[in-house]
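Shared chain: chain A. Partners: chain B in the first complex, chain C in the second.
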Partner chain A sequence: MAAQAEEQSGGSFILEHITDHHELHLGPLHIPLPHIELFGIDMSITGHLVMMWVASLLLILTLITSTKRRGLIPSGFANAIEAVAIFIRDDVARPNLGERDAPKYMPFLMTVFFFILFCNLLGLIPFGQTPTGNINVTATLAGISFAMMLGAGIKHNGLFGFFKGLIPPNLPIALLPLMIPLEFLGLLTKPFALCIRLFANMLAGHVVILSLIGIIFILGYFVAPISIAFALAMYMLEIFIAFLQAYVFTLLTALFVGLCIHQEH
Partner chain B sequence: MDLLSPNPGLIIWTLITFVLVLLVLKKFVWGPLLSALDQRETRIREALEQADKARAEAERSAEENKQALAQAQAEAQAAINKAREDAEQVARDVQERAEADAQQLLEQARRTIQQERNQALQTLRQQTAELAILAAGQLLEENLDDEHNKKIVDDFINRMPDTQQN
Partner chain C sequence: MKKHHTDKNSSISQAYRSVGPYLTLGMQLIATILLCVFAGHWADGKFDTSPLWTLIGGLLGIAAGFYHFFKAVLKMDRKSEEDA
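Take a look at the complex of A and B:
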């Protein structure tokens, strides 16, 4: 597959790097992954899935080891984790969910943030790939957010109350046939935007970096210094974006869940 | 695989992975971490409140000490004043009594003197009268009635000016 891609046009190697495969690509090494089929669904392990597991393992190990010796006074890396936890609690959860409901959603929001962050950052490590650059992964994460929105909304307002609350109060009956589909569409747009935003952001950075490197092979080695300088700048930007997108996803999830809980606002 | 091709297997795997990560982290990290955060915040708030309370307490006790000191000083001053007044009173009493005693003694002495003097005068008068009678009797050699003579002399004496009495 890789040999094929290299023989093709200059841009195809980019696609090969950013798409998912049934084998794990570690540089020149292509490790085949098992094909699994369950209940007629192709449950094969893919490269991105392995990367997601690596990110999850790293995440769990990092968090557990850094916060294991728990005292009232944090030290070392636990400080950074706590700073993020306090930030998400005070600036993401509480303003959007309210003081009373925030603690219940904190573990979920913290997990969303760190899971996406580690997946994002994994793509910046050599041999690593970005699981969040796969639309299936971001769609699932957005789906989980959507489920949280619906679950929280129905739990707080009741099944009927939640869907009734979607329609603005005191609306003329004549507008109902228009507003019901619109509001329903508005509800679906939120997770869709979450999915596309994360996917596109993660994908775009890699595409730009790979393109800048690819220029070297198209135009010749003399552009290498410029290309590498730009790629380095993009890499720095990507580190920032990895944090930013994890934050944005978490913030919007909290915001949307909050909107579903407090429909009157 | 295509960039946008759906992969149900990956979707399911992602869901499973995320839920597992969520459960593990919730049990081993977020639970202890978030409760520790709350605990620490409560601790800090309580410590600050306690510090405020202790400071107020210290200020109040300092104020109380100052008041107690002032009161003690006032009491000591009052005691000193009272003692001084008492002493002055005692001294005055002693002096007055001594003066009164002296006065009384003087008075008594004066009275005694007066008495002695009166007595002496009386005696003198009698003796003078007797002497006069004797002298007159001898002189006149007239046998006069003693009673009568005595009366004459008494009258004579009584007719003497009062100044003689002193």
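Take a look at the complex of A and C:
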């Protein structure tokens, strides 16, 4: 009975950390945030929203300061930012979008990459939460990617040409009723997979770390060294995952936008 | 210095680019099936026709998922033959 109660408290402590709240948790300090409802939709300012603002602010500050005094040879932090920018241009944008179209989509891809990266990393610092561990946030990001895919495809191929290009040419008429929904579903599931992938990856790491810490309170203090060692290892892995998932989201967005522009059929 | 950076990056990125499509395949397959099942489940709740639309959604999801799975695999196969 006691063990069951402890197990429940362990679980609720994990949920407490990964869910969104109407207050900002800064250690023992709980700052209440306003509830706002517009046109019957809950538009409250929540912890994750505040964290997104923090991410945007940090993004603006770091990128402006690193590009302000820009010489021919960047130094220090600016050098790292430039390496990332060149990497995204040469290895993400150009191979997927083509030399001609890549520059037009670079600002979008860079924004997506850095915003997701900062959101992912915010969950790894004290008092931070991971906005990308909230499915509403990732769904919105995937929605933006989807809008970009449709917009780019329609702009390059025309409204009719884009949807016609989704279906393979020279198909028997009898197969059309089957192929149209299948191809259309493929278009929809791409952003859905993007959304789930980022959300699950960011959430899973936190749950594993919190579970490893929670084991200490369930089994007793003697497991502390082992579980903290494992939690630290997971933390290192999470730093890597934060970069990897930001990269994967950007890469796949570029790939999907490229597929919509250069339809293979 | 700069050249060294890009060289190092491209070898990592090349590795990711070659494994990338395979990493996304499973996710895409699951996402397709899940999306269709959820849509069917939602329609069942809305029209009170359980389990009709969940089944249709599931079957459609499996068909669409595997169709795109095979299409992607065949495309990658062609590409690797071209590269070789």
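Just so it is clear, the second predicted complex is superposed on the first by the 255 of 265 C-alpha atoms of A that agree within 3 Å, B and C clash if a C-alpha of one lies under 4 Å from a C-alpha of the other, contacts with A are read in each partner's own complex, and residues count from 1 in each chain.
Everything that follows uses one rule, which is that a contact is a pair of C-beta atoms (placed from the backbone, for glycine too) under 8 Å apart; a residue touches a chain by one contact, two chains touch by 3 or more.
All figures in this text were calculated on a predicted structure; none of them were measured in a lab.
*Asks:* Chain B versus chain C on the shared chain A, clash or fit?
*Replies:* Here chain B and chain C can both sit on chain A without a clash.
*Asks:* Could you say whether A:261 touches chain B, chain C, both of them, or neither, answering first, second, both or neither?
*Replies:* It touches nothing on chain B or chain C.
*Asks:* Return first, second, both or neither, reflecting whether A:122 touches chain B, chain C, both chains, or no partner chain.
*Replies:* neither
*Asks:* Touching A:185 in the superposition: chain B (first), chain C (second), both, neither?
*Replies:* Touch status of A:185: second partner only.
*Asks:* Have a look at where A:114 lands relative to chain B and chain C in the superposition and call it first, second, both or neither.
*Replies:* first
*Asks:* Any idea whether chain B or chain C touches more of chain A?
*Replies:* On the superposition, B touches more of the residues of chain A.
*Asks:* Per the contact definition in the header, classify A:97: touching chain B only (first), chain C only (second), both, or neither.
*Replies:* Neither partner.
*Asks:* Scan A:86 for contacts with chain B and chain C and give back first, second, both or neither.
*Replies:* both
*Asks:* After the superposition on chain A, what angle is formed at the C-alpha centre of chain A by the C-alpha centres of chain B and chain C, rounded to the nearest 10 degrees?
*Replies:* 90
*Asks:* How many Å separate the nearest C-alpha atoms of chain B and chain C in the overlaid structures?
*Replies:* Comparing every C-alpha of chain B with every C-alpha of chain C, the smallest gap is 11 Å.
*Asks:* Between chain B and chain C, which residues of chain A are contacted by each of them?
*Replies:* In chain A, residues 86 are touched by chain B and also by chain C.
*Asks:* In the complex of these two chains, what residues of chain A are touching chain B?
*Replies:* On the chain A side, the touching residues are 15, 18-22, 36, 41-46, 48-49, 52-53, 56, 59-60, 63-64, 67, 70, 72, 74, 81-82, 85-86, 89, 103, 106-108, 110-111, 114-115, 131, 134-137, 139-141, 143-144, 203.
*Asks:* Which residues, counting only chain B, touch chain A once they are in their complex?
*Replies:* 1-4, 6-15, 17-18, 20-22, 24-26, 28-34, 36-37, 39-40, 43
*Asks:* Going by the contact rule set out above, which residues of chain C touch chain A in the complex?
*Replies:* 5-6, 9-10, 13, 16-17, 20, 23-24, 27-28, 30-32, 34-36, 60-61, 63-65, 67-68
*Asks:* Spell out the part of chain A that touches chain C in their complex, as residue ranges.
*Replies:* These residues of chain A touch chain C: 83, 86-87, 90-91, 95, 181-182, 185-186, 188-190, 192-193, 196-197, 247-248, 251-252.
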